[in-house]
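The structure is given below, and queries will be raised subsequently.
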Amino acid sequence: MVKESFTLRGVEFKNRVLVASGTFGYGNEVKELVDVNLLGGICTKSLSWKPRDGNPPRRIVETPSGMLNSIGLANVGVEYFIREKLPYLRTVETVIIANIAASSLQEYGDVLSLLEKQEGIDGYEINVSCPNVKEGGLSFGTDCAKTKEITASLRRRTEKPLIIKLTPNVTHISEFARAVQEAGADAISVINTVVGMAVDIHKKKPKLSTVTGGLSGPAIKPIALAKVYEAAQVVSIPIIGIGGIMTAEDALEFLLVGATAVQVGTANFIDPSTGVKVAEGMRSYAERYGVSDLGQLVGAMESNKEFSVLQSWL
Amino acid sequence: MPLQQVAPVLSNIQIAEGIFLLTLESKEIAQLARPGQFVNIRSTDGSLPFLRRPFSISHVHEDSIDLMFNIVGQGTRMMASRRVGDTLDVLGPLGKPFGYEAHFETAILVGGGLGVAPFPLLTRYLKKHSKKITTFLGARTSRHIVSTNLENIQIATDDGSSGFHGTVVSSLESYWGSHALPGPKIFGCGPTPMLRALSETAQKLHIACELSLEGDMACGVGLCQGCPVETTKGERKYALVCIEGPTFNCNDIILR
Amino acid sequence: MVKESFTLRGVEFKNRVLVASGTFGYGNEVKELVDVNLLGGICTKSLSWKPRDGNPPRRIVETPSGMLNSIGLANVGVEYFIREKLPYLRTVETVIIANIAASSLQEYGDVLSLLEKQEGIDGYEINVSCPNVKEGGLSFGTDCAKTKEITASLRRRTEKPLIIKLTPNVTHISEFARAVQEAGADAISVINTVVGMAVDIHKKKPKLSTVTGGLSGPAIKPIALAKVYEAAQVVSIPIIGIGGIMTAEDALEFLLVGATAVQVGTANFIDPSTGVKVAEGMRSYAERYGVSDLGQLVGAMESNKEFSVLQSWL
Amino acid sequence: MPLQQVAPVLSNIQIAEGIFLLTLESKEIAQLARPGQFVNIRSTDGSLPFLRRPFSISHVHEDSIDLMFNIVGQGTRMMASRRVGDTLDVLGPLGKPFGYEAHFETAILVGGGLGVAPFPLLTRYLKKHSKKITTFLGARTSRHIVSTNLENIQIATDDGSSGFHGTVVSSLESYWGSHALPGPKIFGCGPTPMLRALSETAQKLHIACELSLEGDMACGVGLCQGCPVETTKGERKYALVCIEGPTFNCNDIILR
């Protein structure tokens, strides 16, 4: 028997594979296709205070080994979520992480505080890749001080696991990782989508209604691994690795570079049971190599430290 | 309730210029499928594309389903290259079926190009429910027409090589002027500009009208929020084509 | 007849497709496979003052729709280049851009000044994705002030076209674009490779000897387009778009978002005549749409400005 | 001088357990190819992998070339699925041939696993140059042995199911102790650990030895600098396997 579980601020995850926010709805859409109880956890679609319509079409563009999205955080809003979605999630035997998105510090706090009063939420993941309306729409997540401030402020409001989801669209993600650790985060999720775009050369228009969008899928896996590795050099809190995971092998790469757990995102669109299969495959790998606890693999990559400084001699 | 299956190709033949009929073995999907529903397809080997591709369930047999498609890009090229014995990964049946049981007497099927795809199965169900049927098909030329398993067919071609010379929607309007189609309801499927025109015609002629929409999808099952269509319903700006459609009452949506 | 040419500081490029540094050797490796005279220009492998052995194997890893490399700027050194490679390049009827890499401001200047004395170099492209040895190996290219300083210093040494090649591994590439424009650059190349990595889960080691490397190929095209678009909002000097170009359609996307010309990189490894084919395909597109001068396509994408601020509502 | 061609598959058959022999039509490459050279292959349709894959030219006919491979990943899986009439995009012949004309009397061919691939063509050229030949083949089991178009074959298997029980290099050593092979030169091909062992044996026994290396390549033509092998030559630390090899004198390189 391989030990697959891990614990975050007292919350036990039965295995190390969660499904990523925005790629698994509110958990009930595919309950007939997937046994969600076999997942380590479910991160909900980002919740904001009010319902959000989301962006106009076109919201989805396929790219080589990936996709761009500009959903615009379309979501039912936290009240509707609590009323209509949470009851089902309470019946599911896995960890439920409410992902929160907001356009002001105040809104982050309000959403979290309302969720705090409910049964059935095991922890929070904070999406900071949102425009800071006060500062002209620049993303909170590319502003280290703001990211730290959000973390500290939410920390004061909850004793449950608080996970900050970092954007890769910054020069040094390690600065952000360090800042949110200092501010009291229990873990970081790395990475959200990478800014990208695509153009329709016949219409001479961007393919996405919002011009740019977020790139996800296997195309970004190498980038995500490098970001997790960079963050792992400077923080001691757990890292949840995200980006392009399609198979157990992909997930194991993330563990080896320093992730405690992983999230499966885009792959759910192709096969909603990817998360379950990834968890299964990690178990087989552990058995094959005689690993008794998957935790032994976290950060277990041997690496030639001599070369980290050469990072840019490409 | 949809299933995910690795389905063997039973046949894959060209039935009109550039148009393929692909038959996949799947007893389960064949039994569950209702007209207007679709399947989401990907390759089972390492070939592209990355995301699944949605296709209407064109017809069903005892233990297989038919899809109809033409080659427009990577996904359909991959599908066209599949031979008997190869497999495809199929997720379905998905989406909301056409309202074939509703209260109406004559079904007016209007298909533009590959929009004809869902009509064979729809025709079977309409007949089962004793509805009268008239089918309007639009195609580029006579070589692009697919009309098997359909009833009372009126053809329109862009080049006039067969039937009415013009679009399928104008052929419907012209037919309507001179024929009685009692208790009518339109079932439309095809490219968005054609559906927009059809919707206007239906509203003008005061005929009930259901449309099956095409559009970009990532998941097909409601996970990604990637397939919005604007609604007229007020409380929500968008509906999701994959789970609230692909069939919609034309009054409920705004096609842009 | 479609006008394909463009001019940079008096140097005329016969078309808008160059081959990217490090992906076409010194131009003579594939002369039997490709008519290099049909290219708009050739950017040489990065040249340093001394020859560089490069990194130990493994230097190359395939990734989904892309590859990682950690070549380590292996190159023959500027003197050998002048003696053994330049004579051939002088016989080629296309623009020759010497790409320069260095580990100090001094070295950049020395290499450029030595090349200034030679016949046959039409311009320079400066690779700033190199470790700044003085500052502990952090890349020059992620430091805006340093990038500006290199640009200004090299500007004083040459009247030929000076192109600065920007790294995408920064939060706001537009800041760097603006800085090098101010410092006198004639153009910018956007983008160099994206930092990425891959892990061998059986050996529990990074696949590349240097742990991280540079991601290139179609996987990064959406990222590259977004970076070119971002830079195009703030600079008036030409932008040379690079990243994942395999076809004329890809190249046209870059023109539409604001690139004056493009470079083909990784695609050369799969088909060394990609550049020639891309140029051909752009011509056909122009003919089909009645575009008399490809320059008319530069930045010709209509876009919904309303949404640029929403960039992060992914 | 290499060529880039879209080459039709003339045949693709399994010739031993998991080992395929693929014949591609290409008169031009067949005529230019010399033993030890390779081709770089990619799919002509949209199927993976992204980069080309290098394969030794195993043999040549009037207007076709043979490749030998087993399925290890995406690229070889794609190749195994190609049927007669499909095409592959081929770049070649590439690399430096074996020194089959050099001054020696007996060629000792040592192949580990698929390392046997270049030997049929090498054998033809050696015979043309009137060299004596002894061929040592190593395989996992008797079911993994490919020996067509080879001469004087000594077999070694990991499980002892045929011939010598042990590695191909130890089988060579044991043979060498009891047989005279006048004016010998070794030609080795196989996985790197085997080549390392072979190189040590050759140096120990003072036999000239040329090795054909495997290794990761992106371009195969000297553009990317992606395929270094450490040299003993001093002035340069690395040589490029694709253009300075894949064949090297074992004294000139360091295998890690």
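As written, the chain order gives the labels A, B, C and D, with residue 1 at the start of each chain.
Criterion: contacts are C-beta pairs under 8 Å (C-beta built on N, C-alpha and C of every residue); 3 or more make two chains touch, one makes a residue touch a chain.
On a predicted model such as this, the values are computed, not experimentally measured, just so you know.
Between the contact lists of chain B and chain D, the overlap is empty.
Where touching is counted per the definition, chain A and chain B have no chain in common.
Distances between chain centres, each the mean of the C-alpha atoms, put D farthest from chain A. One inter-chain figure worth recording: chain C and chain D are separated by 36 Å, centre to centre, where each centre is the mean of the chain's CA atoms.
Centroids built from CA atoms put chain C at 46 Å from chain B. Measuring from the averaged C-alpha position of chain A to that of chain C gives a distance of 32 Å.
With touch defined as above, residues shared between interfaces to two or more other chains in chain C number as follows: 64-66, 69, 71, 217-218.
The set of chain B residues that touch two or more partner chains comprises 49. The touch graph of these protein chains is a ring, one cycle where each chain has exactly two neighbours. Applying the touch definition to all chain combinations yields A-B, A-C, B-D, C-D.
On the chain C side of its complex with chain D, the touching residues are 22-25, 29-30, 32-33, 45, 51, 53-54, 56-62, 64-67, 69, 71, 74, 217-218, 266, 268-273.
Residue ranges of chain D in contact with chain B, taken from their complex: 45-49, 74, 77-78, 81.
The residues of chain B lying in touch with chain A in their complex are 1-4, 42, 49-52, 89, 91, 215-219, 221-230, 236-238, 243, 256.
Looking at the complex, you find that chain A touches chain C at residues 55, 63-66, 68-73, 129-131, 136-139, 141-142, 167, 169-172, 192-199, 201, 204-206, 209-215, 217-223, 225-226, 229, 244, 249, 252-253, 256-257, 285, 300-304, 307-314.
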